[in-house]
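Consider the two complexes below, in which chain A is the common component and chain B and chain C are the respective partners.
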Partner chain A sequence: MTTLASSRRGAPSPGRVPSVGRRLRVDRRYLPVVGTLVVFVLLLVVGGARYDNFLSVGVLANLFINNAFLIVLAVGMTFVILTGGIDLSVGSVLALSGVTAAYLLQAGVPAGVVIPLVVLIGSLIGLLVGAMVHVFEVQPFIATLAAMFFARGLCFLVAPESIPIDDPTFVALASWDTWAGGQWRITSSVVIALVVVAVAFYLLHYTQFGRTVYAIGGGEQSARLMGLPVARTKVLVYVISGTCAGLGGLLFAMFSRSGYSLTGVGMELDAIAAVVIGGTLLTGGTGFVLGSVLGVLVLGLIQTIITFEGTLSSWWTKIVIGALLLVFVVLQRLLALRRS
Partner chain B sequence: MTPSDAGDAGSTPDARPQDVRPVVEMTGISIEFPGVKALDGVDLRLLPGEVHALMGENGAGKSTLIKALTGVYGIDSGEILVDGEPHRFSGPGEAQAAGIATVYQEVNLCENLTVAENIMLGNEPRRFGAIDWPRTRRRAAEHLATMGLDVDPASSLGSHSIAVQQLVAISRAMVVDAKVLILDEPTSSLDADEVARLFAVVRRLRDQGVAILFVSHFLEQVFELADRMTVLRNGTRVGEYRTAEITRSELVSRMIGRSMEVLEDLEVRTEHTVDAAQGKPFVQAVGLGRRGSVQAFDLDVHEGEVVGLAGLLGSGRTEVARLLAGADRADTGTLSVKGTPTRLRTPRTAIGRRIAFSSEDRKAEGVVGDLTVRENIVLGLQAERGWLRPLPGKQVDEIVHRYIEALNIRPANPDALLRNLSGGNQQKVLLARWLATAPELFILDEPTRGIDVGAKAEIQRLVSDLAARGMAVLFISAELEEVVRLSHRIAVMRDRQKVAELTNTDSVGVDDVVELIASGGDR
Partner chain C sequence: MPTSQAAGGFGAVVRHHLFWPVVALVALLAVNTAVRPGFLSVSILDDHLFGSPIDILRNCAPLMLVALGMSLVIATRGIDLSVGAVVAISGAVALTFIAGAPDPASTTTVLLAIGMALALGLVLGVWNGFLVSVLGIQPIIATLILMTAGRGVAMLITEGQITTVTSAPFKMLGAGYWLGLPVATLVAFGVFALVALLVRRTALGMLVESVGINPAASRLAGVRARTIVWTVFALSGLFSALAGLILSSNVMAADANNAGLFIELDAILAVVIGGTSLAGGKFSLSGTFVGVLIIATLSLTVTNVGISPLVTPLFKALVVAAVTLLQSPAMRRKLSERTRRRGRTAPVTPSDKPADVATDKVVAS
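Moving on to the complex of A and B:
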């Protein structure tokens, strides 16, 4: 085993003691994500062992369908957290986008106008946050907290009650689905979420913008001295997160066929939890968007297991997520300590 | 080697100013910070294919001048010509685009990224608009190869030593085909081999026609590497000299504005009298140790005694200091202060026992940059009194003025923000803060690192005086010469273990200590 690994590597760099991680050829940076993957598989095994039809394709497909909006939120959040920031406004922005969509559709505005418009609302709020963070050097926590209250307040200004959505175009889009081979059902929201993930992956790993995001997380001062466009990038990550929240609102509206100003209370925390469980460090600079997707799926699986259990109150979801989050954060600390 | 180099250089550079147009010409540069006039009408010109040293004490304005050139600071007046064209950079990005790259003392790269990513960051080759990773890695590897650096481009930058990171930073500068390479104190944390490696790279770049601006506190290195130098003092330019035409003592006296004799006067050698070592022991550590940090060691520091800790970087010097200062808790062993066994749980308990610890990491563990000089100096004293009993303003003024004068802190303005002071003066403020609390044991970890000759001599003299007045001092420095000169006793560290201790006499020299470090004490 050892000889195999070393022959494949050619000459290993001198003076290094081969460690377990080295022999397994897992880059340290992927370790947290691998940890998440292990948890994911463990949850599947536990669920599969306890409940008869848990490992059916339908359950797994539903995992994506029910969490499409959270995936989109987590993707946006990943950008922000990678720069070392935080976005607390996404839950409220999601609600604002959903309520506005429902309100405008009810007023007879065509879906073709409403859909891009509500996504843009998210971008606009993100831009405001980014400007506050960059121009006035407000702490991201405070700037997004302000945006959170602002957006939530706007929701009630638009409509305090729940508005059903019965616009035919929108309903058609929401209920569009296809069988992607065998039992896999894919809905429009899943397609949108996957496209968002793909775009985010491309942005982060194949553009200068993405590299700057990582560099800022590694050290903002360093990034500036390297001559990278720090200011523009910092504003853009909040625009991206806001846009994702706007899109998330749309997906949630498609999911619930309504818009309600109290949706998404505390959802920003779910998104942050998913990102952290997905292996992204809150200090910035380390993490992957695919990890965040995995984080959302882990959260979804926990919920599914508790639903399958039947006798447990849904609050157990929160308790398990809390415990898992704690374990992950401690693990990340240990990894970081070992590194230094 | 050096004289023949200088001789060769002597024939050509004479003619240069007339034939060769400077790549960079800065004239009449002035910059003012609140409370501090950092630069006052300074000129600087850099010629292609030359290493130009920027010399001056701490606070002379070297860093400010560099930051003015690279666009980090805006200039209040003056002109910057690059290739004859007037420029005013609004940031390092613009300066880089004009061919001016900088490698800073604290390596400004991203440790979370790989070596290849750091080198190419912002300049990655693209294909169809997307970063072409195979090509990016290949280009990075090529740049590393031309530097003669044998590191895996895919390894994470944080896993390498500062020296390698420094060379990676230079590789990065060369990616943009820099015409001007600024090296700001690149050698302050490198050992001799690493310095030689760096210099080889710098000479190669010079021969390729790059203009290099080199800032260093090590005179020997400047004389070895530089062709020409500009001397700054107190924010003004003293003059420009060819290295071949200036002697070390002339240079030093121009830098400090005093003659060499005065400086030599400052360089004290502690009297190695027997009675100094026979004062009462202030701290006694027996078998003190901490897992993963330093192995169990015995160490006494007597009143009126300077104990030097010698050893290479990472040999456990700082770890010893942190245990004695309560910054880390010991797992094993006992520590007695004035004969009473004591457990130092936190720095606060240590301070209560009159132990002061001036950390090597001045910025992170020492001064508070956003407070004024006055506030920084009284911080320790005030903390000790408790915040409910503020020091009377008159007493504060008296203390602050006394220390500003005693330690020659410049600018002598108590209301200047500390972050606007130079490194050496920040260090002095830090020392003043601890001295104001009247410690009985003063632990000084690298108090003279990154500090110019004048300030260094002042701090050395201070250490010597403090011991003469009965203070116990633990003195840590990477410069063995300084340790040998100041200490009554020297403890030698190696591989996180105390390997030897010797009583200093006039016959003990740096060589003896080096041998102890090398042999690990068993000779």
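Moving on to the complex of A and C:
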């Protein structure tokens, strides 16, 4: 536990280049992300060697299309985890946002009203969680657990059955796509997801808010003593995660053209797994939003390989993800031990 | 819990750690009785007790076992997310073995199956304990690995099917009665009582708490922190396996996908509702006991009142929010300020762990 405590550290200090980092010519902060990149490339190589047509632009483009909502969730989760918290509610909030969107669209509410509204629902739940965590000092695990149950219950209140979406504006938005370079298919969900990633990247690395997020993860007490706006930031990260979950619900509704209250069961775990595989430490303070995106892509690639294999049953996905998590966690642990 | 009750008076009762949980339980029972006046009545039917209270006691058995292990894990500052997966694996192993045996109805087969499932649960718990205590991985991540992979493993064992068997001796465990009471309840409560006795009548409970309050200090004081953390995770795995046996025996089927789904969350809720802090340290098994009863009663209440059981999560969220807010350090500070207005100002938003301990002391003194 002592080693664990000392492995936590404050905002990354770019000025100090550690000796091991110099030898490897990679800043040690980036090592976990580099590890994820290596795994990603390895999976590509393995897939390309085993199956024809695997290393095609189509497969890679689909990786983004099929996982756009998970990318958005993982980005929001990264903020929360960087402060040392956790958000278990994202899967349920995603379902709530999707179901509400489908329900309102079916009732004839214009898409221009529905889309911002369902994203706001996510923000609102995030705000409630943030208030519980900060004002009442409820542990993030419990506060978001309550929000998870709350959102899931509301889903069934809105509509227990699956609702198809046939609103023309929404369908037009969902089916919009373009071909980058003639072959790489990009859908509206992918564009939205990439915009979210870009905004998150800017927020985390180029604003005072982002630096405060890292500082809280490194040591909340120190961040407060440094005069950083800890209270506001702690509430805001949950609002961001909630908003991302609301947006994720919208993307999922666009992906499936329907809203169903049982979607996203266990999706919070996928998001957390992606963030951890992407090199973010759950103790907070260390990690990158691009790492989380890479984590999502690794998860998606595993799924693709298992689909390509054909004979392997779907449950192997879970086992492989579990094994990968184990490898990454143990590696991170070894890195942390060497550092201290 | 050494809360001083000798002072007496309403304030002491309100400040007792079981006050709000018990109020919640009584309120739930009152709502049920208001809706259906005969709710609390128990009659004898087919040589065993019958009635809603008995239903609650039987339905809460698996959760009781899981929450028992969870309390101990949480007391050491850990958390065990893998219990649901262990529940699924244990049911899958037992039923696959019974289904494959030449004589599913023989007692030997059933005992072997139970032994195998329990041993596997223990092994999985030891695995979690190894990751946490030897490799030093955070409990939430260490158990997340098994939580993710575990259901896949259970699917592997059942080959993606929902395994069903007919075996009278195995059915006894989850759906049978002994001396008029459900066997599941007797097993769960028996184990609970045994552990409670062991923990509170020996130094074990204190050692567990000391590890939870300060692992480093307890190690320096000569407490074998590593062994204790390892033991509680192993126990959690063992109890989850037993819960999995009871659940699968109740329906005589092993559903790798849905057996024990979200039971880890329910168990954590029960522990938290019972007043044990996730920050580790002081724990209350009696609180967990009440917490489990609250959750089991809540599920029955929702159907009794005539609301779709699908909405149950909403009510769970409300109960959790209410109880955790009432028990939150901020609220406790306000309460203790009001009960003794001596102008003592509350500490300026202290950080999590030290503050928890500090406010606990303020409340207990």
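By definition in this document, the second predicted complex is superposed on the first by the 318 of 340 C-alpha atoms of A that agree within 3 Å, B and C clash if a C-alpha of one lies under 4 Å from a C-alpha of the other, contacts with A are read in each partner's own complex, and residues count from 1 in each chain.
FYI, a residue touches a chain if its C-beta (ideal position, glycine included) is under 8 Å from a C-beta of that chain, and two chains touch if they have at least 3 such contacts.
The structure presented is a predicted model; accordingly, all values stated were derived computationally and were not measured.
When the two complexes are overlaid on their common chain A, residue A:Ala74 makes contact with neither chain B nor chain C. When both complexes are overlaid on chain A, the residue A:Ala174 reaches neither chain B nor chain C.
Within the superposed three-chain model, A:Arg28 lies in touch with chain B and out of touch with chain C [touch as defined at top].
When the two structures are aligned on the shared chain, A:Val190 is found in touch with neither chain B nor chain C.
Of the two partner chains placed by the overlay, only chain B lies in contact with A:Gly285; chain C stays clear of it. By the document's definition of touching, of the two partners only chain C reaches A:Ala273; chain B does not.
When both complexes are overlaid on chain A, the residue A:Leu204 reaches neither chain B nor chain C.
Ranking chain B and chain C by residues of chain A touched puts C first. Of the two partner chains placed by superposition, chain B and chain C are both touched by A:Gln221. In the superposed model, A:Leu236 makes contact with neither chain B nor chain C.
Across the two superposed structures, the residue set of chain A contacted by chain B and also by chain C is 221. Of all residues in chain A, those touching chain B in their complex are 13, 28-29, 202, 205-208, 211-212, 214-215, 217-219, 221-229, 285-286, 339. Interface residues of chain C, counted against chain A in their complex, comprise 79, 131, 135-138, 140-142, 144-153, 155-156, 160, 215-216, 256, 265, 268-269, 272, 277-279, 308, 310-318, 320-321, 324-325, 328-331, 349, 351-352, 355.
Contacts from chain B toward chain A in the complex involve residues 72, 91-97, 102, 104, 108-113, 117, 121-122, 124, 129-131, 133, 151-152, 155-156, 158, 172.
By the touch criterion given at the top, residues 1-4, 86, 88, 132, 135-139, 141-143, 145-150, 152-154, 156-157, 160, 220-221, 231, 261, 269, 272-273, 276, 282-283, 313, 315-319, 321-323, 325-326, 329-330, 333, 337 of chain A touch chain C in their complex.
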